[in-house]
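Below, subunit A partners subunit B and then partners subunit C, in two separate complexes.
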Partner chain A sequence: MKITQGTFSFLPELTDAEIRAQIDYALALGWAIGVEYTDDPHPRNSYWEMWGNPMFDLRDAAGAMTEVTACRKAHPQTYIRVNAFDAALGFETTRLSFIVNRPTIEPGFQLKRHEVGGRQIQYTIESYATQAPEGQRYI
Partner chain B sequence: MSETSPATAAIGATGTTGTTGAAVAAARVDLNALLADSNVTEVLDELDAELIGLKPVKSRIRDIAALLLVERARKQVGLVGGSPSLHMSFTGNPGTGKTTVAMRMAQILHRLGYVRKGHLVAVTRDDLVGQYIGHTAPKTKEILKKAMGGVLFIDEAYYLYRPENERDYGQEAIEILLQYMENQRDDLVVILAGYADRMETFFRSNPGLSSRIAHHLDFPDYLPEELEVIAERMLETMQYRLSPSAVAALHEYIPLRMKQPHFANARSIRNALDRARLRQANRLFAEKGRQLDRDALMTIEGGDLRASRVFD
Partner chain C sequence: MGSQANRYKSGVMPYAQMGYWDADYLPKDTDIIALFRISPQDGVDPIEAAAAVAGESSTATWTVVWTDRLTACENYRAKAYRVDPVPGAPGQYFSYIAYDLALFEEGSIANLTASIIGNVFGFKPLKALRLEDMRIPVAYLKTFQGPPTGIVVERERLDKFGRPLLGATTKPKLGLSSKNYGRVVYEALRGGLDFVKDDENINSQPFMHWRDRFLYCMEAVNKASAATGEVKGHYLNVTAATMEDMYERADFAKQLGSCIVMIDLVIGYTAIQSMAKWARRNDMILHLHRAGHGTYTRQKTHGVSFRVIAKWMRMAGVDHIHAGTVVGKLEGDPNVIKGIYSICRDSFTKQNLEQGVFFDQDWAGLRKLMPVASGGIHAGQMHQLITYLGEDVVLQFGGGTIGHPDGIQAGATANRVALEVMIKARNEGRDIWNEGPQILADAARWCSPLRAALDTWKDVTFNYQSTDTADFVPTATTA
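Coming up: the complex of A and B.
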C-alpha cells in the first residue's frame, strides 16, 4: 500500500529533475531545505530523523540534491522526505514537504480493535512494518 | 511552434540520432546570433571599461567566453565534448584586482550559461577548516553546497595547507574540495586566489589541486599611469574630484609610494585617497567661518595629498 503523506503523494513518483525543480522553487521563495528519513510510516509520526542540518542560504538545488542522493545511498529502504521551511514572520513553519524515496515493499496498515468498558470498540491502525524492531523493517 | 528560425530548423534536423553525415554537415549555427543572445559582449565591454590594465587577464577571459560560446554551438549541432573544466587560480600581488575579477567572472559565466545562478561565495581558510576532529568535512561541504550553481572564491588559498603541522585539518578540506571539483564540475566553479610566490609552493605541495585547475591567471602589477586612472575612478564613485594641483600631486605621489615597502597597488591608492579625504575634512573644518558649497565639499586640493609622509 503506497502511503500518501505530504505534497504530490497521489501523483506518480517524482523524477530527480522534478524534485530539483521543486527545490529550486522553494529556494526562490527563500525557504530552507531539510532532508529527513524514517522507517515508521504512521501518519501521526511527525518526527522523522534529520539527515544533517537544514540547509539555509542555498542558492541552487544542486546542494540539496547531493544530500538527497547521499541519504538515499545510506538509507535506501526508508521513507525520505524533503521539507521546505519558511522562516517568514507569521509562517515559521514547513510550507512544503514531499516524499522522495520509499521502500520497495510497503506492507500497509492493520486495523486494530480495542474493546473498552461497555463493550465499546476503539479503533487504531498499526503499520505491519513497525512490528519488527527499528532498523529491521523493510529489509 | 509555427515560426522556427533557420537555425532551430537546422538543429531539428540533426536532433534525431543516427542522421546521415550530410544532414549533420548541413547544420549551421550562427555564432553571432548566439553571442547577441547571451549578451556577454556587454559584460566583456564593461570589464574593459571598468577595469584598468590587466591585459593578460582580460584576454584570457575573452578566450574562455569564446570557448563557452563555441561549446554551446557544438551542442546545438549535436557534438558532445563534455563541459570544459573552468576551475581557476588567480595569482598576483596584493591589490591587483583578484576579488573584483572573480566577482565579474561569476557574472560572465552566468551569462554564458555555464553556471546556473551566478552568485559568488567568497571564503577564506576559517570558513572551510574546522576546529576539532570531524568538524572540517561538514563545514567544507556546507560551503560547497552554498556555492553550487555559482562560483566559490577561496581567498589566500595557500593558508589551507600548513606543512609545519602534519595534523592540520586544512588537508582534509583540500581533499573534499578536490572531490567536489572533480565530481560536481557542472555545479560549481572554484577560483583559488593568493599571492604568486606562496601559491606556487601551495600548488607544488598539492599537485592534485594544480592539475585540476585549467586556468592559471597571473595578475600583473599596475603601471603608474594605470594607478592614476584607477584613482580617478575611485574618486568618481566616492563623488570627489581632484583640483589641478591635486592631479599634479597625485602624479608625483604614485611613483614615490610604489617605492615604499608594503605597496599594495590599487589598495594602497584607495588608502591614500581615504587619508586625503580625512585631511580635506580637517582643512574644511579649520576654515570654520566659511560657507561651504557643493564644489568645496567635493574637491581635494594638492595640499591634502602633499601632507602625506611619502613626500618627506
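Coming up: the complex of A and C.
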C-alpha cells in the first residue's frame, strides 16, 4: 500500500526540484520549514522525530534541501516529511506538510476489531511495521 | 419638563419623534449595530420607517405608554441614525440602527434574534425588510463560546494541511439500507476523500434507522483509515425531534469513535448552541447543514442575509457551515460568497461593500468556522474552486464522486488528484485560473479516473443569474 498522508500523496513522488518549489512557496509566505521522520506512520502519531528545530531564520530553499538530503541519508528507510509552520496570529500551526521519502516497502495497517455488546465494535489500527522493535522496521 | 409631558401624552406619535431616530447619534463601541434594507410602503417617509424598525425591534409599541417613564428609556430605545438610498434600487433604503448592549442576554442567539428579527418583519408600514449585516461588539462576542474546534484545531486533529478538505454526500439521499449506505462511505473514503456526509434529511427513517447507520458508517470509516493511513470521518447527522434524542445519538457517535457529528439549521438556534457546548465538551467537530436557509436568505428585499446567519453561527459555535460554491448548482454570487467566507474565516473582517460586508468586525479570538462548498461541483472546476474559495474550505463532490463512470473509488481519486495537482501548481506560482484546464488535462494523462471524470462532466456548468448580489460596484478611479 501507499500511505496517503500529506498534501501531495496522490501525485507521483515529487522530484527534488518540485520539493524545492514548494519550499520556496512556503518561505515566500514567511513560514518556517521543518523536517521530520518516523518509522511509525500511524495516522494519529502526532509527533514524528524532528530532524532539528524548524528553520525559523532560513530564507533560501537550498538550506532546507540540504537538511532533507541529510535526513534521507541518515534514515533512508523511514517516512520523511517537510512541514511549513506559520507563526502568524490566528494560525500558529502547520500550513503545508508533505512526504518526501518513503521506505521501499510499505506494509500498511491492520484493522483490529474488538467486538463488544450491542453489535458495537471497537476499532484499533496498527501498523504492521511497528510489530517489529524500533530500529528493525522497514529493513 | 413641559416637552416631556407632551412626549408622554396618551395617543399615537411618529416613531421618529418618540426618540427612535437620532441623526446625531454616534454608536458606542459596545453597541450592536444592525443594517436593514427597508422598503417603505408608498407615502411612508424612509426616516419614519427606519425609526419604526428601531422602535419595534426594541422598546416601542404602537402607542405612547406612560410606563416608559418608570425606566431609563432613552437607554433602551434602539436608535436609527442613518438612512441611505440603496444604489440603483428606487424605494429601498439602508438604515443603520444601534442597540445598547443592555438590551441583550449574554451568550444567547435566541435572545439576540428575538429582538432584532422578532416582530418587525411583519410590520405593516413596510413592504419588505431585510437584515443585511450586523456589527457585533467585542464585549458581546466574548460571551459566546464560538466554534467548538475551529479550523486550526480541526486540521491538527485530522493531520491534513495545505489543501482544501474533500467530502461527499452519500447518494441517493434517501432509501439506502444501512449496509449499502456504509458501502458508499467506504468506497469514497478509500478512494481519497477525507469525509463523507449524511444528507440533511437523513435522520432515522423506516429504510434506515440511526443506530444501524452509525454502526455501518464507522466500520467504513475505520476500514478506509486502515487502508490509507489517513484520518477519515463521516458526518453522522444527529438531527432529531428532541434534544434528548440528539444527545443520545451524539453520545452513541462518540462512543463509536467518530470524530465528527452533524446537525441541521432547522433544529433552531438554541438547539445549535446546546450541541456546540456538547461538542466542545466531547472533542467533537460539529458540522452544520444550512437546511432551510434559502427560504429567508435568497431574496434581496426581504429576510435575513446569509452573511448574518454565518455570523450568528460562528457565535453559536459550529465548526463547518455550508456557505456556497460560486460555480455549483445553488445560489451564489462570487462577491457575496467571498464576503460570507471572510466572515467565517477571518480574525478581523474588514468592511467591504462590494462583498456585502458593511462593518469592520473584530472576531475577538473566536475560533474560525470552516466553510463547506457543496452542490453541483466536479473535478473539472478545481482551478475555479481554489481561486474563488481558497484553501480553508471543504469541497464536497457528491454526484461528482458517486456518479463517476468507473465507480465511487475512481470518482474520489479523480477529485483528490485534481485537487493536489492544482494546489501544487498554484504553489509553484502558476496561473491556475487560466492554465487550470491544461493542468488537469496533463494530470489526466497519468490518472485515468481523472480523465474519465473530465470526459463525463466537462460541459456541466450552472450559469444562472444570482438573486443575492452586492449593491455596490467597484468605483472606477481616474488615476
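Definition applied: the second predicted complex is superposed on the first by the 135 of 139 C-alpha atoms of A that agree within 3 Å, B and C clash if a C-alpha of one lies under 4 Å from a C-alpha of the other, contacts with A are read in each partner's own complex, and residues count from 1 in each chain.
Heads up, the rule we're going with is that a contact is a pair of C-beta atoms (placed from the backbone, for glycine too) under 8 Å apart; a residue touches a chain by one contact, two chains touch by 3 or more.
Since this is a predicted model, take the numbers as computed values, not measurements.
Participant: Which term applies to subunit B and subunit C once both are placed on subunit A by superposition, clash or fit?
Facilitator: fit
Participant: In the superposed arrangement, which partner chain does A:30 touch: subunit B (first), subunit C (second), both, or neither?
Facilitator: neither
Participant: Could you tell me if A:76 is touching subunit B, subunit C, both of them or neither one (first, second, both, neither)?
Facilitator: neither
Participant: Which partner does A:55 reach: the first (subunit B), the second (subunit C), both, or neither?
Facilitator: The answer is first: A:55 touches subunit B but not subunit C.
Participant: Using the superposition on chain A described above, determine whether A:7 touches subunit B (first), subunit C (second), both, or neither.
Facilitator: second
Participant: After the fit on chain A, how big is the angle at subunit A between subunit B and subunit C, using C-alpha centres and going to the nearest 10 degrees?
Facilitator: Once the two structures are overlaid, it is 100 degrees.
Participant: I'd like to know which partner A:66 touches here: subunit B for first, subunit C for second, both or neither.
Facilitator: In the superposition, A:66 contacts subunit B only.
Participant: After superposing on the shared chain, does subunit C or subunit B touch more subunit A residues?
Facilitator: Between subunit B and subunit C, the winner on subunit A residue contacts is C.
Participant: Where does A:18 make contact in the superposed view: on subunit B (first), on subunit C (second), on both, or on neither?
Facilitator: Touch status of A:18: second partner only.
Participant: Could you state the shortest Cα distance, in Å, between subunit B and subunit C after the structures are superposed?
Facilitator: Minimum C-alpha separation, subunit B to subunit C, in the superposed model is 16 Å.
Participant: Would you mind writing out the residues of subunit A in touch with subunit B in their complex?
Facilitator: 52-53, 55, 57-64, 66-67
Participant: Hey, which residues of subunit A end up touching subunit C in the complex?
Facilitator: Residues in contact with subunit C: 1, 3-5, 7-12, 18, 21-22, 25, 41-44, 46, 83-84, 89-98, 108-111, 119-123, 125.
Participant: Which bits of subunit C are touching subunit A when the two form their complex?
Facilitator: It is residues 152, 155-156, 159, 161-163, 192, 215, 218-219, 222-223, 225-231, 255-257, 347, 368, 413, 416-417, 420-421, 423-424, 427-429, 446 of subunit C that touch subunit A.
Participant: Spell out the residues on subunit B that touch subunit A in their complex, using ranges where they run on.
Facilitator: 116-117, 119, 138, 142, 144-146, 148-150, 184, 187-188
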